[in-house]
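In what comes next, subunit A is part of two complexes: it sits with subunit B in the first one and with subunit C in the second one.
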Partner chain A sequence: MEGKKRILVACGTAIATSTVVAKAIEEALEKRGIYVTIRQCKASEVPSLAADADLIVTTTPVATDHGKPVIQTLSFLTGIGKEAVIEEIIEKLKD
Partner chain B sequence: MDAILSGIKMFFDTFGSTIMLPIIIIILALALGAKFGRAFRAGITVGIAFIGIGLIVDLMWANLTGVGQALVTNLNIQRDVYDVGWPAAASIAFGTQVGLAVIPIALLVNVVLLLTKVTKTLNVDVWNFWHFAFLGSLVSIATDSLLWGLVAAAIAAAFALFLADWTAKAVQSFYGVPGVSVPHLTSGPGVPFAILVNWIFEKIPALRDLKADPDTIRKKWGLFGEPVVMGFIIGLVLGILAYAFKVPADKTGLQVIADILKVAMSLAAVMLILPRMVAILMEGLIPVSEAAREFMQKRASGREIYIGLDSAILIGHPAAISAALVLVPIAILLSLILPGNRVILFADLAVIPFVVALFAPLMKGNIVRMIVAGTLELLVGFYLATSMAPFFTQAAVDAGFALPENAVQITSIADGFLWPGWLFTNLTKLLGGAVGCLILLALLVVVFFFFNRNREKWEVLAGAPKPEK
Partner chain C sequence: MALSDLLLKSTITLNLDSQSSSDVIQHLGSKLLDAGLVKASFVNAALEREKIMPTGLPLGGTINAAIPHTDVEHVYKAGVAMATLTQPVTFQNMVNPTEGVEVRIVFLLALDQPKSQIEMLQEIAGVLQNPNLIEGLVSAKSIPEALQLIKDASSG
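Our next item is the complex of A and B:
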């Protein structure tokens, strides 16, 4: 059986905005019956941690030269366009 | 009014922040329309975070105290103001009596200023209301009055909106985040430093074209920007300075190496675990901040507004990361050589990207200039922090953090190093709460007035692209 998908959520501090995003993703995906492992990190840690993730969601620009899909979004913070991003996340996790 | 305030104080003194803050969060979440279960869970989570942060601060404290004493005895460097970092500062700020009231106050200030069209920013970044609580707590200590502390917190909230409005266009175009502004009191106060340094660079031909490539720095040195590595190396440097130069006769070389490595490991641990603990605090605040966001958005629809967010969304930019990387060793060096400075830096070296994030637009991402402006701001900051440390330390005691007896003090770069805190405390201490707050309010009205009269010019000054004619 395939393990849980791993999402790396990045922001400037690994505390403030990424916690909001991580919780929002977790709740939204659980409602759809999808269970994932989420890890928070600082933007500067993405190059080191990308290898252990299936998808990276970030609120701030991060390095993209690690071959993993990256979604940069402020939707979870502003509340605008949240559903569309959730769909995008599900789509990217399927690959 | 006084009777109510002293009643609140009595409750607070008896229960402490691990009990009071959860109660306040539960009430606040319910008042803003959250369901009971969610509100209850949020409150408990916040209390847990406080307990966790206390544990880690103790660990950090145990290590830094040893290092600090050794620095004095072995190298004769007097550094007795420890940088506990912004995660601790934020918990202190939320844990004081001002902190308990800051969320409704800041929301109210924001709604009023939006409805009167003084500001365009809708600050949904409830987490960073801690900065307002921090300034308010300092004032409350300086004036020995909860009332003036609350007033100062309200003024700070409005000041953050001003900084957000002022830098909004610059942030939006440089960082590519339309409709967003940054009411963050660690980032905004540095903009005047950046304007000054940028102006000097433009005047001197030899400096004007100086450049460094942020991507190269990030790729080569990026590892050192990771908190774990940074904590270990700083611990190593501090450990060597403290223990390697004068070895007591009863210690073997191996024991000295062990002492040094213990400091390095413990500080690396703090750098990883402290933010995790604060993330728990953040998690507990989510129901409140979500409810607050909806509450505000309902009341502010129908015209151009900026959504005010954490500057954490900016600092992944190569310019911010790279400039901050170079500033870390500069900051450590400054902390050791500046005469009269008593601050030893540690936990907040990771916050430097926030300090420089708003420099980038007006300097077009030129990191040489960002580093110079950052150095200048930090250099001034050491002295501000040294002079503000007694207030900072008292705030921590008020918030229920158990600090050791032997008269050491604490600070952090965010926001102990920044001029708003210094200005707020000194004005209110010198002139009293009423006059001090009145002057602060007057200053704020003046900057808002001139800004709103000539927005374009101010925006360009902060780094917005010149409007096309």
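Our next item is the complex of A and C:
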């Protein structure tokens, strides 16, 4: 679908925490009627993949010099502050 | 597969007396190795990865957790090893590696493919987000008791 926003979800290995985070974001946004494309990657892949993303959500430090907004959060793993992060994601996707 | 199926009795250690995060990873790694779930290279790979990309998770209460893991090539079959600790050891914070997190419960994850274990990963996130369950696991007196707590929580 044209105009669908793209979120890049990064973690260390691209298999563990980013899997949980990607699923949690997808479900939280769908509940609000927002449909996005989510791609998982390793933190080290962010510089090469950032260009194709509208927003980067990561559980581990990543490069931030690619001009795309970055949200660093453990909320989707620990549950702490999750609602606030979802609001932040929605806000950042509007730009 | 559900967490309660992947968490084998043989891979749970309650009240482990450990001095460091490396101790815990080595102990749990040997459990996964004995259970035939991981290759001999797994433990060192998990230790190395923990140094570069740590996995400590502050849970906002008195008990914090860590979820060490490493790349799929060191794993034969998905599984989890869990330890509760008599005294906290320091892991570095996943999102902020310069910060130490005092950890009392550790899940060492053997992951093969992302999609096949989403249920297990979500369940672990569910455990981390359930302070009563975390507290229950840390004070559990026996392995069957700990497994039952996890089963009860996942069946809602």
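We take it that the second predicted complex is superposed on the first by the 93 of 95 C-alpha atoms of A that agree within 3 Å, B and C clash if a C-alpha of one lies under 4 Å from a C-alpha of the other, contacts with A are read in each partner's own complex, and residues count from 1 in each chain.
Please note the rule applied: a contact is a pair of C-beta atoms (placed from the backbone, for glycine too) under 8 Å apart; a residue touches a chain by one contact, two chains touch by 3 or more.
Computed from a prediction, not measured in an experiment: that's the story for all the values here.
Participant: Is A:V62 in contact with subunit B, with subunit C, with both, or with neither (first, second, both, neither)?
Facilitator: A:V62: touches subunit B, not subunit C.
Participant: By the touch definition at the top of the document, which applies to A:E45: first (subunit B), second (subunit C), both, or neither?
Facilitator: first
Participant: Please work out whether A:I86 is in contact with subunit B alone, subunit C alone, both, or neither, and reply first, second, both or neither.
Facilitator: neither
Participant: Can A:T73 be said to touch subunit B (first), subunit C (second), both, or neither?
Facilitator: second
Participant: Between subunit B (first) and subunit C (second), which, if any, makes contact with A:T19: first, second, both or neither?
Facilitator: In the superposition, A:T19 contacts both subunit B and subunit C.
Participant: A:I7 contacts which: subunit B (first), subunit C (second), both, neither?
Facilitator: So A:I7 meets neither subunit B nor subunit C here.
Participant: Touching subunit B and also subunit C: which subunit A residues?
Facilitator: 12-17, 19-20, 23, 40, 43, 58-61, 74, 77-79
Participant: Residues of subunit A touching subunit C in their complex?
Facilitator: Its residues touching subunit C are 12-17, 19-20, 23-24, 40, 43, 58-61, 72-74, 76-80.
Participant: Considering only the defined contacts, which subunit B positions touch subunit A in the complex?
Facilitator: 87, 124-125, 127-128, 175, 177, 179-180, 218, 222-223, 225-227, 275, 278-279, 282-283, 286, 289, 293-294, 297, 307, 309-318, 321, 350, 353-354
Participant: In the complex formed with subunit A, which residues of subunit C make contact?
Facilitator: Going by the criterion above, the answer is residues 49, 52-53, 55, 57-60, 67, 69-72, 94-97, 109, 111, 113-115, 117-118, 121-122, 124-125, 128-129.
Participant: Going by the contact rule at the top, pick out the subunit A residues touching subunit B in the complex.
Facilitator: For subunit A paired with subunit B, touching residues are 10-20, 23, 40, 42-45, 47-48, 58-63, 74, 77-79.
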